[in-house]
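The following pair of complexes shares a single chain, subunit A, combined with subunit B in the former and subunit C in the latter.
Moving on to the complex of A and B:
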């Protein structure tokens, strides 16, 4: 996926000015937030489960190499090939090679964020392999000229029913319909042909299970099962951090993942896929490949950002983020939006390429509260800001402003004098009114709201006077 | 008991009357209030913007000013939490200072938390009459657990009717420097907060952090609402 994170501000403004997106986001927020609140009440020991999940993820990440090795051995023992990719380009090369080796002309795809990281669809097309997205949301985006997703589990959450209706009419050459079941049926009919004719299935993986060499897929549409069991070849692409030790660990994490993500007790489908088709089995792939991807992850291991690798991609942080709720996911400019994306994008693509993202949060900590694996997202965002300052990546006037403020604020007499003048100036500027509509000192503030007028004297002045009186 | 008041820079500059209201409340609870004259800013804006050096400079200044007191109280959950939760991290490379930060941390309180849980204020001197709605500021709420305290105090005023808004716990979009880095996004979030607050029909939106209140007030006025008051809880709880 093309990186547009450096345009965050501009992207956000476009999102604010888009009424369809605004209406869709409003609707989505209520759904995700309210449903999660109900679903987490179903487990009595929710907090203890969160703690357990955090421990499972930490246990893996602290010894990632060992668990990956274990996974590799177990997967190979069941007939799978385990390949390693260091970046997106390597993912593309490996998948294209696999496709060529097996004479693949068409690949059906279930949701995979790694495939977005790699821009895999373009690479497949260039190699003469037709990629077909089969997750309904991803399919809608693909037929809309490969539009980027706006949410990691609800990629078209920003779109309206009318937009989808128009798109289907144009693409499928069918009469326009706005009934959701009918639209879904239409997509199913189109996709069914692809499932039956594709030689290769490409999926992501929610978890890799080290003890059995399996991949676990958590989905709500049947497409995931079709993609992974119908074609002769199945390619799983996941980040190296997705491994967990045991099936029992999977059970713990599965208590949290759907509840945090969609507010479901359990998703419609949970598939645990192990090995290639055995003799006498009617479905499953003849060839199974795992592509385990670094793409910036290995560098995070052992760093002060390691907590981020616990992420299980539920999307709760974005669903509850006031900023995400206001601008949607595409504004963040890469694969991962919201608070988790504001940490991951700079880490995986470079601090200098996502200069605004660590700042694109009010640090309200709602993301930290809802994260099922207790990632301290606000702390990580703040640490990224610190790294940016250290590397002089922030604008000079911003860095100067905080230095200057600290310099003045550490000199009480100077501070007292400066603030006396400042509040008088502001009071004069307000010209008797309760608030100032336009303030040159804080242009960003007054773009969307007034600046309230100060009382006109500072507390320290008044207190000193009162003391004398 | 002897209490040092940390006025906060926003109160100092924008709404001194909140500082005086805090003094009145603390005195009503039987405290002897001291206001260290050299205090300025706790350094939170610098820390949240990634400037560790500036944050450390102001943290040390704050510690030196306030560590001699039994209690330190601030009319702001966000500033109180900054001292409590962040100072030890800010000063992690200077063990002596870090130890002093840790020693101070547990004695720093947000105003309503202190009034309810430490000073156990009984008689609230306020005289506010009418319907209000309460905005729970993020840091106070999620970091210091401030939710019941302001409501318990408001309940002591017989003529105040508290009407909860939808999303009282949702961020107002202020976020300190967020509001001046991303003005439009911040204002759009504030608009949602104002709409929820106004839907209660309240005459006043009340909160415990001036940053949020300035944000909400600025948005209300831009929306053309000149009548809804935006007040700090200390103002409501006193006769100011």
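Moving on to the complex of A and C:
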């Protein structure tokens, strides 16, 4: 996926002015939030489970090299090929090579964020291999000219029923339908043919299990099962941080992942896949490949941002983020939106390419409160902001403004004079009303809200007065 | 340098890996794998009958339907009744494992094999079932093909009450004890396939079955 994070401000303004997107976001808001709130009550000790999950993920990352070796050994022992990719280009090269080797003409895909990171669909097309997205949401985006997803688990949360109806009519050449079950059936029938005819299935992996060399896949639609049961080649693409030690650890994490994501106590399908088709088995792939991807992750190991590698991609942080709820996911300009994206995008693609993202948060800590693996997202965003300042990455006018501020603030007399002037000016501007609808010098501040009128006296003046009395 | 060595090399450098701490690290890994520590668990009843009740209740919550029968011999008739009640074809693929039951005696035409696209009904057993979430644990194999619970629009599962366990942990322990190594595919199934992608409206039957019917066999 093309990085568009540097255009965050413009993207956000466009999102605010898009009535369809605004209506869709309003509809979705609350659904995920309310369902999660109910689902976590079923867990007797939710806090202890979160703590345990955090420990599982930390344990892996603290010895990541050794756990990866362990996983590789176990997977190879069951007949899988374990490959490694440094970046998106290498993912594309490896998958195309595998496709060519096995004479693949069509690849069915279950949602994989890494393949978005790599822009894999375009590379497959260029190599003459037809990629077909099979998650309903991802499929809708693919037939809309490879539109980027706006959420990691609900990729078309920003789209209206009418838009989907138009797209299906145009793509399938069928009469326009606006009944959601009928639309879903239409997609089912189209995609069924692809599942049955594809030679290769490509999936992400929610977890890699070191003990057994397995991948765990979580879906509701069952497309993950289709992609890994029917084609003769299966390629799993995951980040190197996705390893967990044991099946017991999977059980613990599965108490949190669906509850945090969709508010379900478990997803409809959880599959643990190990090795290739067994002797006498009528289904399952003959060839299994794991592609373990770095793409920026290795550099985060052992850094002050290491906590972020715990992420299990549940999406709760974005569901609960007031900024995400208002602008949707596409404004963030890369694969990962919301608070997790505001940390991941700068880390994986470079701080200088995502200059506004660490500021695209109110630091209200809703994200930190709901994160099932206790990632301190606001702290990480704050650290990224500090890094930007250290590396002089903020725009010149902002740096100049802070320099000026620092110069004035370290001169008490001048500071007193300045603030006295400012509050009186603002009071005069309010003209007796309780708030100021438009600040001439900083119009952005009052675009969506009024500025409260100051009393007309500074704190220092009032303190001096009362202190004497 | 291969990408493998490059990536692992950078991870090692960032973790300050040395030959000495690799030895302690590997020991810690082996200990964790041997211990298989469990996380906090929600309280579950220990009585078999209460586990059955919980499985039934949770399955209904996932839009499955449930019938409880006495023995395996009652299963073909129960399946035939269920299909007739919904006006569904009395024709099914069945796990080879279950081929010995008297399906034709109940008026059903069954074939014991993996499923193909147009098979209307798939009948499976289950390796075990998980009361905590109302989930079937299906282990793929020559006698229990994964496609039977996936391709047909209707999935019927025979669930022996004696194989209902508390949580996923017990399911995995059983797999280790009875199968040695994990089968190629373990599929946990909780109700029919579903999607909420279009305007968060839940629709059943996205790619997999539209309906899942559990037949709980009390005295297996």
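Here, the second predicted complex is superposed on the first by the 450 of 469 C-alpha atoms of A that agree within 3 Å, B and C clash if a C-alpha of one lies under 4 Å from a C-alpha of the other, contacts with A are read in each partner's own complex, and residues count from 1 in each chain.
As a working rule, contacts are C-beta pairs under 8 Å (C-beta built on N, C-alpha and C of every residue); 3 or more make two chains touch, one makes a residue touch a chain.
In this text, all values refer to a predicted model and were calculated from it rather than measured experimentally.
Aligning the two structures on subunit A places subunit B and subunit C next to each other without any clash.
Judged by the touch definition given at the top, the superposed model places A:304 against neither subunit B nor subunit C.
Of the two partner chains placed by the overlay, only subunit C lies in contact with A:251; subunit B stays clear of it. Once the two complexes are overlaid on the shared chain, A:12 sits against subunit B while remaining clear of subunit C. In the superposed model, A:273 lies in contact with subunit C only, and not with subunit B. When the shared chain is aligned, no partner comes close enough to touch A:352: not subunit B, not subunit C.
Shared-chain residue A:164: touches subunit C; no touch with subunit B. Ranked by how many residues of subunit A each touches, subunit B and subunit C are led by C. In the overlay built on the shared chain, the residue A:125 is in contact with neither subunit B nor subunit C.
Subunit B and subunit C, viewed from the C-alpha centre of subunit A in the overlaid structures, lie at an angle of 120 degrees when rounded to the nearest 10. In the superposition on chain A, no contact is made by A:97 with either subunit B or subunit C. Once the two complexes are overlaid on the shared chain, A:365 sits against subunit B while remaining clear of subunit C. Superposition on chain A places subunit B within reach of subunit C only down to 21 Å, the least C-alpha distance between them. Taken together, the two structures place no residue of subunit A in contact with subunit B in one case and with subunit C in the other. The touching residues of subunit A, when paired with subunit C in their complex, are 24, 27-28, 31, 42-45, 48-49, 52-53, 56, 59, 62-70, 78, 83-86, 90, 134-137, 140, 154-157, 159-161, 164, 180-181, 183-185, 188, 191-192, 195-196, 210-212, 214, 220-223, 225-226, 228-230, 240, 245-252, 254-255, 262, 265-284, 292, 294, 298-299, 301-303. The touching residues of subunit A, when paired with subunit B in their complex, are 9, 12-13, 16, 322-323, 325-327, 356, 358-366, 368-369, 382, 384-390, 394, 398-399, 402-403, 405-406, 409-410, 412, 415, 419, 422-423, 434-435, 437, 442-452, 454-455, 457-460, 462-464.
Of all residues in subunit B, those touching subunit A in their complex are 7, 9, 11-17, 19-20, 35, 37-41, 43, 45-55, 57-58, 61, 138-139, 142-143, 170-171, 173-192, 214-215, 217-219, 221-222, 226, 230.
Across the complex, subunit A is touched by residues 2-4, 6-8, 10-12, 14-17, 22, 25-26, 28-29, 32-33, 36-40, 42-43, 58, 61-62, 113-114, 117, 133, 135, 140-142, 145-147, 150, 167-169, 172, 181-201, 203, 205-209 of subunit C.
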